[in-house]
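The following pair of complexes shares a single chain, chain A, combined with chain B in the former and chain C in the latter.
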Partner chain A sequence: MERRLKHWGTGYIFIFPAVVLMAIFIVYPAVKTLFQSFFDAGGNWVGLKNFITVLTHYETIDLSRFPKKGPPWGSLINNAIWILIHLPVTVLLGMLFAVMLNKIKGGAFIKSVIFLGMVIPMIVGGVIIRFLFDENSGVVPLLMRTFGIEALDFTWTAYPQTALMSLILGSILLWTGFSLTMHAAGLSTIPREMYEAAEVDGAGILRKFFFITVPMLAPVTSVVIAMTLLYEIKIFDIVYAATLGGPGGSSMVLSLQMYFYAFRRLDFNLASAVATILTLFTLIVGIWLVRNTMRGEKR
Partner chain B sequence: MKQIRIMPGRIAHYSLAWIVAVIWLVPFIGIFITSISPLKEIVHGWWGVKLSSISFKNFIGAWSHPTSPIGQGMLNSLIIAVPATIVPVFFASSAAYGILRYRFPLRKTIFLITLLLLAIPQAMVAVPLFQILKNLKLINSYLGLIIVHTAWGLPWIILFMRGFFSTLPREVEEAASIDGAGPFKTFFRIILPMSWPGLASVSSLQFTWVWNDFFLALIFIYNPVRMVATQRIPLLRGQYHVDWGILTAAALLITSVPLLVFILLQKYYVKGFIGMASK
Partner chain C sequence: MKRIVILLLCLLAAGTFLFAGGAKEEAVKPTITMTVPWAGPELEQFLPVVRAFEEKENVKVKCLTYRGEDLSAVLPAQFEAGQSLGDIIFLWDWWVKKNDQHAVDLTDIWAPVKSAYIPSPAEAGGKVVALPYVMVAKPGFWYRSSFFEKNGLKAPANWDEFTSLLKKIGGISGIKNPIVTGNGVGWPISDVTEHFLITFGGAELQNKLIDKSVKWTDPQVRKIFENRIIPLLKEGAFSDPVEWTQAIELWWGGEYGLYFMGNWITGMVEDAGDLGVFTLPGAKAMVTGQDWAFIPKYSENIDLAKKLFAFMISKEGATIRAKQGGKLVARNDISSSLYPKADQAVAEAVSKMETTVLDLDDSIGGDWQRLFWDQLKLLWVSPDSLDDVLKKLQAGL
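For the complex of A and B:
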């Protein structure tokens, strides 16, 4: 202890370059964005006006169309729909696949294939989505044709009714590998004896799954949920590559809206308000994740 | 008797596993077949293609595309990704070591803020960062993007390496300090060489993420000659007409680099993912 106290200076030297870089290139710009969201373009304090403008704008939440009429419904609603579908599906599929592919021949190969979605650039992920849902080259319209569902035999990314759905389905394909890999790693830490003891008691596959696997994986699952939420809230690349938020804003998401406000319309203050709303959501998830981590560390 | 009872379950299990594998493989197979087929053969779907006329023309076409050459983009990506991996890994390791081994005022606060930075979206820093880089004349510059990626990589690498260092035996460091090695010598000569598995994990992931990044490049680089590989993908796509052959070939070219990293460093790569989340 004494040795450490003498070396305050040394500790600071070790952290100095990283702290300076983070302060200048992350903390300062983030704080500045927060400030800008309370001012107008002329530098006058406007309180919450930018937030009200953003949140009542039809590009963010369009209550005149949602839920009775078809899309576009607004970026915030699109992000929410994305989370509602993508979160449970990827988390559950990942967990089920992890169990299914555990210790079978070829399981490692199949896991690697599903994990590919995490390796490829997300911008390529957007191209894959375009490709899968294209009426000429896409497998999905081909399937629809084969099963006689003529109503869905067209380029999904080009129509407001289907654009968002094609992105969500595609992102499930890309992201399930994350949940799968995490849960597979979690599975390997569950002691075999637990299953053996349960088998002695006559537990079947389902009982073992619900009473051992699921509860033992719970810490992993909560991390997967948090990271998946962060991914969904910040989603940008695949939307940019596949639809650019279109057609007519029907697949617009908050990050892309912020980009358009800032770098196309050059309205920095409204863009800052969108970014701050975005950060509010990610921080809630982030704080939850950090608290989980801290609790884990004390144990 | 027992075998017969078990078999149907096993067959169902394996079939299900391979059905899943096929669902996930089909998009990649489709992309691959499209990239090696002539355009006129794939207009009615890549599944109908006769693989008699395989050609790598699309790859050459994408590599040296007249308006958006992927080759040049990949070179730019490499120029940015290599230093944007080495520098943050080094600074973050040093910071992680400092936070773990030394007690100093604000240590906990600094670490907590670092953790919270993980949750900040890039959109939150985009506009002010653009202004900072503009003042430093670092827009459209490799250096500018390298610096931003460096800063952006620090929080998660610090978190990961702090966890990694905490698993190293303390005795070695104590022995070094008894032998008269100072803190920096201990860090460079003993800690870092001992930590190569952890460094391989963070390096493979950081490199992949910088290579795969699109948002930061989109904001800070708009000179067509300087654009990185990912930026060129949307530019290859026409407004109404999509040349799928060129686009899929370009996608595969860009993917080949992170794919190679993944295949070569699979063990460390996956450990990086898991370590980050379970620490």
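For the complex of A and C:
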């Protein structure tokens, strides 16, 4: 008994500093934010009023425009569009690049170049995106001009129809490196013998890809999906640096909306409501990821 | 070899001694930290004031460049912790008024300069919480005199001449658009919009929009947009929004003919002597804005910070600042002849106006300011969204 107590006691002593720090810097602010979202600035209980205010504001969902008219549609819709386009493209591109560059000469160098996007701080990435799509100095409008696509030869971030898309494309450029690196690492764990056996059975490149590579990479892919989803839900810095959510809110996202509520409107209660909504979304992804990982471990 | 080693050791010892001496001297000097909204040439124009104070008081003044947008995000947490980024902080007056519990009362340094000052201080809770330092004026459309001379152009005297000038500029080879639209967070577009509102609605309209007694959806406001701004946007008189410092280069390089900007542009071009400026014909008022500063309660050098602030707004400090140009000093006892040539023109343009008015979005501030900038950016590329924009501006108040 004494030995057991000593064993557990030592464990508790070691985790104590981490628990204290997490309680101060993570648990307390999270709980305080949650509480704040149910009160007004005067400290009066307002129930779900802050959530209703946020969710019915045109900056969150503009039902008078969505889906019949063009953007701006609101931050929630923009986040959803971001996920719908950015998630499959980055995951698939990362996987394809990882497979294609796996065995070729100079593959490691190309992978490093693609990974550079991950090394750049996202706030700098936002500035790069702004200039990348700028009519006067950007590569993208220049390419459009060169190929005669004059309809797209303008500053993409300045127009509501293209502002969000320019950010998503820029973000794909920056984030694909993550998916690529994870999948490349996953590829190295697939036993060679599986491919050799498939070749003996007469399997071609596509069959090997779909019946060996994709299923064997599934655990890695699920981590990539979860991390990418979290990145997309809380996307902030790119939007802040490139468009500030504009023009007219056409590239507004939830995190930026929360920032404006807190630091421009100085309404910390509304900002807390947005933070709580964001936390709920991230919790869903987080729980899915943890359950997936645990299921994988049991297997 | 031995000699070389000894020599090196001696040099090392001497260097250490000198460095330590220098460091000691530096350490003895009290240091005042100031966050300023200027960088590059704008900051260079301010530094002579700081240097003069440093010499006078034998102190060190450190200037850190911070935008208001960033400070407003950092300061609330710092103030809650009883800390401050600077001893003097430049930030919007509306923000300081909203956070007056963190500001030192500046009544004692304001009182001696009160009679010589043009703008009023920011007051809250019965105390002076922030003071205006320098003034900026937004006189109108800037052009290169050499460009106008070369193409036989002249400043317009009425609206028809203005529109025909735009057409002439638009027809010049190499010109993308007659007017370049500055962008950034959005304030350059709001400046040009305010100039139209003041010209065609008078100073009274601007003041009523500030105190919210006139709605953005009011027919008078809508008419100015509909009859004056929207036709120009639809005709392509304005360019798409271009990052405002990049816009200066493009305009100076001859891709655009006119640029609406504040008087700080005089410090940002290669040859300020080649600058010309005209207001919209009929303008009787002009926006002037101020750079505001306050001293946070959590400064460790409140007395010294007050001393520096008092020097900056004194006649001596204002005289040094006026000579550098780029900004107008906020005192009425400084001769316009002290300014460099380009700034003299601005000072004279200001004096020709019947009145000056406050900057609209700076005065309202808060999240509405961000909304105003953002909605105007939308209007500039989508002029048909006028009604939607005006409705949102009104709803956001």
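We take it that the second predicted complex is superposed on the first by the 289 of 299 C-alpha atoms of A that agree within 3 Å, B and C clash if a C-alpha of one lies under 4 Å from a C-alpha of the other, contacts with A are read in each partner's own complex, and residues count from 1 in each chain.
Methods note: a contact is a pair of C-beta atoms (placed from the backbone, for glycine too) under 8 Å apart; a residue touches a chain by one contact, two chains touch by 3 or more.
These numbers come from a predicted model, not from an experiment.
Considered on the superposed chain A, chain B and chain C are sterically incompatible, since they clash.
Look at A:Leu116: by the touch rule set out above, it reaches chain B but stays clear of chain C. Once chain A of one complex is fitted onto chain A of the other, the partner contacts of A:Arg264 are limited to chain C, with no touch recorded for chain B. Of the two partner chains, neither chain B nor chain C is touched by A:Val140. Judged by the touch definition given at the top, the superposed model places A:Val239 against neither chain B nor chain C. Once the two complexes are laid over each other on the shared chain, residue contacts for A:Phe97 go to chain B alone; chain C is not touched. Measured by the number of chain A residues touched, the leading partner among chain B and chain C is B. Common to the chain B and chain C contact sets on chain A are residues 130, 134, 136-137, 259, 263. Those residues of chain A that touch chain C in the shared complex are 58, 72, 130, 134-137, 154-155, 158-160, 244-250, 259-261, 263-266.
Taken together, the chain A residues at the contact with chain B in this complex read 1, 4-5, 7-8, 10-15, 17-19, 21-22, 24-30, 32-34, 36, 97, 100-101, 104-107, 109-110, 112-124, 126-128, 130-132, 134, 136-137, 139, 142, 173, 178, 181-182, 185, 219-220, 223-224, 227, 230, 233-234, 236-237, 240-241, 254-255, 258-259, 262-263, 268, 271-272, 274-276, 278-279, 282-283, 285-287, 289-290, 293. Contact residues on chain C toward chain A in their complex (touch as defined above): 72-73, 76, 98, 183, 185-186, 240-243, 246, 250, 366-367, 369-370, 373-375, 377-382, 385, 389, 392. Taken in their complex, chain B has these residues touching chain A: 13-14, 16-18, 20-21, 24-28, 30-31, 34, 42-47, 91-92, 94-95, 97-99, 101-105, 107, 110, 112-129, 132, 147-148, 150-152, 154-155, 158, 183-184, 187, 208, 211-212, 214-215, 218-219, 229-230, 233-234, 237, 242, 244, 247-248, 251, 254-255, 258-259, 262, 266, 270, 273-274, 277-279.
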